[in-house]
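Down below are the structures I want you to see.
Look for chain A in each of the two complexes below; its partner is chain B in the first and chain C in the second.
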Partner chain A sequence: MKRLMLLLTLLLACMTPALAEEDPGLALDRILAELEHSAAGIETLASDFVQEKHLEMFRETLVSRGRFYFARPDKLRWEMTEPVASGFLLNGDSGSRWHERAGAAVPFDIAREPGMQLIAQQLLAWARVDIVWLVRQYRMTLVSEQPVTLKLVPLQAGAEQFVEYLQIGFDAERRYVETVEVHEPGGDSTRISFAGTELNQPLDPALF
Partner chain B sequence: MNIRKGWFVLLALLLSGCASIPFEKPRRTATRELAAEALLAPYWLGDPVVYRIRHSGLFRLRGMKLPIEGFMELDANHRKARLVALEGMGLKLFDLTVTAETVEVNHLISDLRRHPGLPKAVADSVRRIFFQPQPSPADRLEIGSREYRLQRGGADETRFVFGGEPPLLLEKRGVGPSEDWWVGYYQYREQIGRQIPEGIFLQDRRAGYTLTLWLESVSCIEQ
Partner chain C sequence: MLFAALYRLFAPRRALLFLLTLLLLGAGLTGLTRLEVREDIESMLPDDTSRVADDFRRLQQAPFARKVLISLHGSQITSTATLLEAADGLAAALSSEYFSRAATGPAMLENNRLPDWLETNLPLLLGADDRQRIADELTPERVRGRLETDYQRMLSPEGWLLKGGIRRDPLELRNLGLDKLRFVNPIAKTRLHNGHFLSSDGRSALIIADSSVAITDSGGGARMLEQFRQAADGVLPKGIEASLVSGHAYTVANAEAIQRDLFVVLTASTLGLAVLFMLFLRSWRSLFVFLVPVSVVGLAAVAVSWCYPAVSGVTLGFGAVLLGIAVDYGLHVYFVLRQGDEEPEIALGRISRPVLFGALTTLAGFAVLLTSSLPGQRQLAIFAMTGITSALLLALIVLPHLVVPGWRPTPRRLYQSLAVEPRRKSGLLLLLWLAILVGCSWKVAEVPINGDLRSLSLIPAELLASEHELQQTWGNLRSLAMVFAEGGTLQEALAANDMLFELLRRELPEAPVVSLAPLLPAATTQANNLRHWREFWEQRGEATRRLLREAGAERGFATAAFDPFFAGLQRQPEPVTVATLRQVGLGDLLDALLLDQGEKVQLVTLVPDTPEVAALFTADAALPPGIHLVSQARFGREVGNAIRADFMQFLTLAGGAVLIMVSLLLRRPGKILLALLPVATGLVVMLGTMGWLGMEFNLFNIVATILVIGLGVDYGIFMVCLDDPGEDKATRRAVLVAGMTTLVGFGALVFAQHPALHSIGATVLLGIGGAVPTALLVVPALRRERR
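What follows is the complex of A and B.
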């Protein structure tokens, strides 16, 4: 009996580290599947945000504030309110953008605006937590599980000129993005923090 | 009928010209006897400091309308500025170092490379607005009933107009065979112990662009 107990103890001692140290690739896959599952039930999002642009050469951070709206599958509104009102909205393949300093809103067709297409694709992918699309765009590593934080390095050739890596943080229940950090070559970075996020609340159709 | 029509067109042109400057017109009060040195004493760009300016603006160049937001470090005394322009989501549009003679392009987004005149136009604007030409006590002073003018001749004529009480720089103008531009300074208010304009408008008639600039916040580093 003593021998059996000793054997069991030894077996448990050997097994415990194996259970605790999950393969990083498997852990990432598990987390991505959880994120996709949790976000699947989200039809609308509305959130305030603070954008902090850090300019390394000036050691200065420029703070802007705004509000973000999303309605599945492809409606977005990105609205800066301070210090200058500006933004864009997207409804399918078309949209409009505005800037307080430039006057009235200007419509655009996303197929003809590669810059807008890039921004819209990114925002839609993060709002929908579209893991299939994101895995094609980035090499991902898991920075932390609580809260879930991912580091993403762009795979697309030429992207490294603009983005060194992104760091994305999710809310505690893993349903939506709470922070986005864009780290640029040269040390500049942008951090967007979302707060007061409302899930699945009816949104005024006029927003889009 | 033709004269009436002509007046109507002139009025429409004047009104449209005024409407493109979105700032309050400065109040010009009665002038008094003043030396050029006294006129320049409250001039914010004459101080030996480095200004750090958060700005927003609208640049119009041959049909292109480019709203910008950004940050600038300005050493008017050493005639040097570094400025970064950003679009709304924080994407860097351009990053330039401008001196009295040169412009160094540290960064220019590919979409803007199809406007090759842009860095030069921005650099010329920064120089003219902030550090070149600068009014000097050596300029010829003329005192009108509601404005003070500092002028210097040469191939091109440069004029600085001051007004209000205390008199502040309201206008800079450069006209001649090689240039035709003017800058208006609007809505002065006290910031960091100095009278600093909130709004600036520049027009370069020869190059065909305008820049409307809002100085959102200004701080400084004493030298």
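What follows is the complex of A and C.
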């Protein structure tokens, strides 16, 4: 009988934490729903960014700075100011890019540039917090809840050649992305940190 | 006289004569139903070993000649996505019964393996020029510039995608490979959007389809076009329109035009013949006269089938019309028997001589066509000669028994004013004739000869607009010149193709060329390229490593940053073959540009059809063996030259034959000249008026000219054979009615919209229009002057 009581006690002891903690899948769904809800009210976004690249092919970390702008539904401007002035903007299917050496901006068709198309999809998805699209592209796990940090492993065949996983961090109020880390096979990584983010401030139409 | 004797022989045995005739004609009609008739235009092109014949055969192999091109046009507000969706929808809605394959974009860009494949195979594909370009890049300044660009690209958000490529190829040698793709794009003005053909302005999409319907099949073509229209109406959203351009559209347009024309022309000529009948014949027995040429069509066609396995439809149609001239023999027999004052056998004996000689001169004219290099014209000669001979024999042996004499119509005022009383106005008449002759002679030499076969076809304005729009939107797809590189084996052909490509790049560096040579060099060329590639890097490898290390260090690149590049230089790529090109999506291109015919292999290179290109491939140019240019523009010029040469040859031979025949018959120079006057006047009026009106001379005009010669001489012979031009009213009436039936029968073709039919009508109308008045008015006037 003593043995039986001991066994029951152990069993209860094991079950109690399971009953107390939330299922990780349910927690992720809840977090994603909250992120989607919070981001739904964001029409424009402007932010400074710092990009750090840790690459095997460079002796030192590559650091660049600039400013990022977004306006719903599909306007985006990525403006690097250091170490060189360059960048690109997207407006629907079309866009243009510029560089301090070249001077004037050069238009491009996003459909003709698969690389740029991929980057644009990613940036727009994160800026809009497009959970539906992201769930189709990545297997997500919740790294931390406060602040929200997600780990994303690409689902598309062939993507693993370029990306091992992404890690995305959100601001404390879960409205926008604060950090993006791209971890590549072989150990290279890129980290983009956004700071001084302004939400729903009027943006000059000339930016796009 | 033979025919008078035959008349007497058969007079009591008419039933037997009619029975034999019916049996013969019945056999001809039976043979007609069993003929194998070809509808294509090939019979109107030379079948000898001339370059024209060779060019035509090669033109049939043009990549876009047998394709159906469908261009979709959106409105100002149509989005690219909607336009491309519409293109996909229409391609799917095209029935496989008529469209065997419909592509909205190039297969080669549907997979992304091509750039990597090019990069891997650079050692096999890059030639001496490319290696020189690499050498030019290997200076400290250029390398520094490249690495600066690489560094900045690594800073961009795309950097993590580009990293592998930059490490493998910091100097962007892959651009030399990608540069080769510009030589495999036959649609010059396209850009690709999500794997679709999209015009440079983004407003048009393109579908390229294959069709199982033969281009010469007008019925199948019409059903195909109808299916396209139904599919377009069914699937295209509002604001998007589609137009189709293919050889089928031309065939259908021409077949429909000819059907419309036949109704107009037959109505006009039937009405005209009815009027002539009411004015001059007025007897049901005269219908037999018109039956003579109709009844010999079968015999003529059977004769052609004995000489040729398949009879051209053009020969049958045109030949049957030509036989209309045989009505003249019957008319002479009819008038002399029905309206003359002599006994039938005497009248027949008298008329048979000029009728026989008239027919012989016409036969001589058509016999000249036997020398033609065009099988269609040779078939036409056999057809016309058999038909005319049969009609002549029917007119002189059978017709007299059907046309019973005894009825005389009252002479009509119209006829009297036209032909009977010219004598008081001889001087004025001759002056007018001379003035017309001089006026027309002035322009005879100015008639241009048009050898473009397309000018013989009707091109409706709508189709022309579609073709023009297609050209404006997508470039000159359908009329590029082709250069063939030929060999007994694939490797021989590829080697010739390599030499050709080198020649074109050297001599015409700016010309847009479509060729397989940059992506599929011959095995020997690939081996050479690989050997030179290795030698190149053996000489420059270490220096390049040093350059990259030093310039890279300035920008922070690690020492081992470009190790993958140097490892790649050591790789041994597999030879490029037809199979590997298919694997990377270039199958369509191979199907269009590589023609493996078993005993020989041909590679097609597409070049602009310009005088500069033609000059490079002149006969005396030192070209590599197995190279042939086929250009539509040059083909048109060559056919034009062939027509010009044929015309001069025919005119000389026919003129000589006619002169000999007329000399044998008439013997006296004065009479000979008089007999030739109508034909000479007819030709001068015909060519002169064409010159004044700016009309061109084409393939069909040659045959029509021989018709004018044959008939014009007939009129002259008849008028000169008259003892008294004022008294033999039956013969004069026969000449007048014969001339008018020709004008009505052939001249009615001038109302046709179809250029070929119209040109025949115009030629005959002008030629016979000049010959008949000369025969009826000028010849008698000159005879009176001489007396």
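Just so we're on the same page, the second predicted complex is superposed on the first by the 182 of 208 C-alpha atoms of A that agree within 3 Å, B and C clash if a C-alpha of one lies under 4 Å from a C-alpha of the other, contacts with A are read in each partner's own complex, and residues count from 1 in each chain.
Keep this in mind: contacts are C-beta pairs under 8 Å (C-beta built on N, C-alpha and C of every residue); 3 or more make two chains touch, one makes a residue touch a chain.
Here the structure is a predicted model, which is why all the values come from computation and not from measurement.
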Touching partner for A:A33 - first (chain B), second (chain C), both, neither: neither
Touched partner set for A:M116, first chain B, second chain C, both or neither: second
Touched partner set for A:W78, first chain B, second chain C, both or neither: both
Touched partner set for A:V163, first chain B, second chain C, both or neither: second
Partner contacting more residues of chain A (chain B vs chain C): C
Which of chain B and chain C A:V143 touches, first, second, both or neither: neither
On chain A, positions contacted by chain B and by chain C: 51, 53, 55, 57-58, 60, 62, 64, 78, 80, 83-84, 86, 88, 99, 115, 119, 162, 182, 184, 188, 190
Residues of chain C defined as touching chain A within the complex: 80, 112, 152, 154-164, 166-167, 191-194, 556-558, 560-561
Touch list for chain B against partner chain A, complex: 52, 54, 56-58, 65, 67-69, 71, 73, 82, 84, 86, 88-92, 95, 111, 212, 214, 216
Chain A residues within the chain B interface of the complex: 51, 53, 55, 57-58, 60, 62, 64, 78, 80, 83-84, 86-88, 99-102, 115, 119, 162, 182, 184, 188, 190
Partner chain C, residues of chain A touching it in the complex: 51, 53, 55-60, 62, 64, 78, 80, 83-84, 86, 88, 93, 99, 109, 111-112, 114-116, 118-119, 123, 161-163, 182, 184, 188, 190
